[in-house]
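So, here's a batch of structures to check.
In what comes next, chain A is part of two complexes: it sits with chain B in the first one and with chain C in the second one.
And now, the complex of A and B:
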């Protein structure tokens, strides 16, 4: 598939706020079910093993007119829950047979209760992940929670989810994570060849396409991107962080690049990059998923960092590994986890002499000029004044 | 004016309030001199506050939320918040956190005018509020002190599962207790814990009796503004102590006395002499204008007969008591049962129950900008409760300790309109016959 075709397909999926793809997918086989999930992390392997389609619900973006959703939230609550409710009450999520709400923050947590009240006939699960990272404590709790999810999905699907089903799904998601890491590594090596808005669209496609199809699409994209010649600019290399839940408008990402920054790492759609290594496909699959979560998952503001000195280490490692020259903190307005975390991360960066800038956005932010100016000034200051 | 018995400018205080004030002052004094006295200090939060456990290690107990609300009542929080914002904390985030951080950077002066020393351990009981986790990461970053994390799972399906309980107990055994032993140098004694838990249960019995006294007409208590004082000892540094048991006995006697005499609640301006409207209130109060806020209610003869905020440090009125026979399990159930750890449907059920049991005329939400744990979803809760009970619901917005978010004229206007709506609804023939 040609590069343009791939990007166009991803763009079409991104633009489709009616989630028509779910309907098509369900129509292609009898008894098929789809399960929605909010950011940041759910073990999609279990949903897949149940024969169901996991669908990332990431709000309504900047093209959705939120009319009903605003009646559910006060002005000081972030935008993603109100646009998500809008999607639901306008029937756009009717094809979903259930929704998973991970333990991202109090707003997403409470949204699970709102779903219970509004959609009593659907499967609704608040998905608690441990903040204790001892395999014998948090690990045991989490394995049992995984088992509960397995049981709930088996009941909904009307069939047992076997260990072999789970192992096969784990293998597919391992491949998907490897493909994504290859994509990110390629962008980091040659950011001029891989514009971040395209990476973003590819990642978004993975929120709705079946995992094997998404893996193929990424490989196709990398091959197609390598085949075209794109101009190399004298941009500075930045890591953007803070965008793990409510998503930035695509225009924001374009603005950052237009302002003279190459994004060499990010935390978009962390669900797809949450586990940092392959999950073993031998042995107890749920324990393997649990152990992976406990021992090698990303650091993000929804997770407790048990050791003070480790705070910000993950971000600093990303800066070093990707030879970034600075960090852009882009966080949604009213996002408690990201905004409370930010001063600690900034302090850690300062201690390492890594420059940063910070701004806020909402998924429907329309005015990009201030962001372009800020990112441009940041890029200029790095190019002109940084020690390197 | 519906109050009687005091001269203008005098603030009426109940005997139990004075008793409590003495307890709080003594605790702040103990905190101020803890290190000189050879004692260790713990910091922890109100929801999921394991006071009995901390007492087993002789910690002097500090609660940053209480410090923040005290700063709010003493009109100091605004400056603390701005100090925190100047140092890089977002204007969007919790003002309790920013008050605490601003207070730290201004010398951590307690309500007694003396500096509060650095805590020796942070007990991060992560119960019903995501922000707690970030708050103590920030405090740990500042102080570098040891932190014991206790993750309390959320009761999303309205029940405590064995997995949840076992997880909390395992964390207590494997992490929290060993950390407290190490920091304090005192070995854990489970019988000592049982003794404190026994005292807690006695105090809880009397607290519940007092809260449920609001079922009387007129109610002898205000179950929001007044009950915040009543919950003080049990929600903070005192649950499990004999003085707390004594406090709740005294409080109960006071309330019994008012019931016998057919009296209403004590307000800062004296006894409320006419109960016109009975309300159930959801959400925390505003602390920066606490008295002005309360006055907007009692001036109109409005009494709060039940509230959710008085359950934030523990829900006792549906039967839970600390159980000395199962000390760690009961601590787990306590943490799991705090109000904001309940799902929205459970909260709606609880509030509908209050509307019915306490024969309330209306339901009011005080929505707090700082507190997503409470606030996210409250507009849907309001509609559900209005629909289920048929009683009018009202909605106001304030903040905990940020004076910029308390607009007295707006709040008063809204409340007065709401109270008029309740009275108007009473006059409708169909509502009169239903009553």
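And now, the complex of A and C:
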């Protein structure tokens, strides 16, 4: 598949606020079910093992007018729950047979309560994850949570989810993570060849396409991107962080690159990059998923860091590994996790002499000039005045 | 020898320059400026760049760095882009070494920038969304009055009783002007009132960046409007600043100049990183390239304000500072 075709396909999926793909997928087989999930992390392997399609629900973006959604939340709450409610009450999520709300923040937890009230006939689950990283404490708790989810999905699907089903799904998601890792490694090595808006669209496509199809799409994209010659710009290399829940408008990502920054790492669609190594496909699959979460998952604002001195280490390692020259904190307005974490992360960066800049956005931000100016002057300061 | 082009894609005009930076010597080789007048600015940028290359019979491959500024992020053949504050500060220190501030008055924005000798931006303030401190606003007013933009400054200086115009809002100011015309106020007094309103906003910007003394160079398209310069000098006195407002015949090129000089700097820096070439050896590394001998001709825009215009510098001391700093890795 040609590069343009791949990007166009991803763009079409991104633009489709009616989720027509879910209807097509369900129509292709009898009894098929789709389960929506909010950011930041749910174990999609279990949904897949149940024969269901996991669908990332990431708000309404900048193309959706929120008319009803504002009635559900106060003005000092971020926009993603409003637009998600808007999607639901306007019937756009009717094809979903259930919805999972991870323990991202209080707002998302409250959204799960609203869902239970609004859609009593659907499976609605507030999916808790451990904040204790002792295998005998958090691990045991989390394995039970995974088992509960397995039981609920089995009941909804009308069939048992066997260990072999789970192992097969784990293997497919392992492949998907490896493909994504290859994509990110390629962008980090040659950022001029892999524009970040394209990476974003590819990652978004993975929120609705079946995992094996998404894996193929990424491999096709990498091959196609390597076959074209794109101009190399004198841009600085940055890590962007804070975009893990409410989504940035595509224009924001384009603006950052236009402003003279090559993004070499990010925290888009963390659900697809959450586990940092392959999950074993032998042994107890739920325990393997639980152990992976406890022992080798990403650090993000929604996850507790038990040792104070470790706060920011993950970000600093990303900066070093990707030879980034600075960090851009792009946080959604009123995002408690991102904005409360930011001072701690900035302190850690300062201690390491890593420059940063910070701004806020909403999923429907339309005016990009201030962001271009800020990212651009940040890029200038790195290019002209850094010691490197 | 480093050949660097700078292209400043403004709201009202596209400016392009070409520089040769060798051993701390900075030679301005060529320039081009074109008013946009509803044409495609990206096409004009390409044409302007090609024109300066054609004028020197220069192969584009020989240009080491094409730097854009202003709204030039979409120029496809750019090597890198620098933001307007960065480039105007650098360009202004090239045109007038020793300044402490720059006032860039373009078609869309007015901004005050505090700078040091190296052209480093220390702080800056821009006019807000309102256009009443911008060149586009003045152009609109000139059109209402049936005056060519080039005549505005001269006419403004003949005012004997300037009218007060809103300095807060362009819409209100334009309404003021329509009322003045119907009341029979002279064109000179209206224009002077407009200049005072604009100057008042711009000098407040200077105050906000704490530029209370030293020299401030005007850059951008309105930098050669002598009526505005005079009004600014009056406003500086009225607002009790000790800043000397100066202009330069080539002020309109400040952004493009800054872009080209920063482009040359980046080219050298990237060579150092890529090849481990110490900065002092960069020109030996590049010695294979033939030297250019160029006559700039007489293309400069004449600034009638000879009392405040400084002669064009052929070398940029600020750049020498940068080069010595880069050797110490302090840039």
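Methods note: the second predicted complex is superposed on the first by the 388 of 388 C-alpha atoms of A that agree within 3 Å, B and C clash if a C-alpha of one lies under 4 Å from a C-alpha of the other, contacts with A are read in each partner's own complex, and residues count from 1 in each chain.
Keep in mind that, in the parts below, a contact is a pair of C-beta atoms (placed from the backbone, for glycine too) under 8 Å apart; a residue touches a chain by one contact, two chains touch by 3 or more.
Quick caveat, the model's predicted, so the values are computed rather than measured.
Once the two complexes are overlaid through chain A, chain B and chain C fit side by side, free of any clash as defined at the top of the document.
Once the two complexes are overlaid on the shared chain, A:258 sits against chain C while remaining clear of chain B. In the superposition on chain A, A:144 makes contact with chain B only, while chain C stays out of contact range. Contacts of A:165 after superposition: neither chain B nor chain C is touched. Judged by the touch definition given at the top, the superposed model places A:373 against chain C, while chain B stays out of reach.
Within the superposed three-chain model, A:383 lies in touch with chain C and out of touch with chain B [touch as defined at top].
Between chain B and chain C, B contacts the larger number of chain A residues.
In the superposition on chain A, A:233 contacts chain C only, with no contact to chain B. By the touch criterion defined above, A:130 lies against chain B but remains apart from chain C after alignment on the C-alpha atoms of chain A. The three-chain arrangement built by superposing both structures on chain A places chain B and chain C 100° apart around the Cα centre of chain A, to the nearest 10.
Once both structures are overlaid on their shared chain A, chain B and chain C have a minimum Cα-Cα separation of 19 Å.
Residues 231, 233-235, 258-260, 372-373, 376-377, 379-380, 383-385, 387-388 of chain A are the ones touching chain C in the complex. Interface residues of chain B facing chain A in the complex, by the touch rule stated above, are 87-90, 92-94, 97, 124, 126, 129-131, 133-135, 137-138, 140-141, 144, 147, 149, 151, 153-154, 156-157, 163-164, 166-167, 170-171, 174-175, 343-345, 347-348, 367, 369, 372-373, 375-380, 384, 397.
Residues 65, 73-74, 76-83, 85-86, 120-121, 262, 265-266, 269-270, 273, 329-331 of chain C are the ones touching chain A in the complex. Within the complex formed with chain B, the chain A residues making contact are 71-74, 76-77, 81, 103, 105-107, 109-114, 116-118, 125-126, 128, 130-132, 134, 136-138, 140-141, 144-145, 148, 301-302, 304-306, 308, 311, 333-337, 339-344, 346-347, 360.
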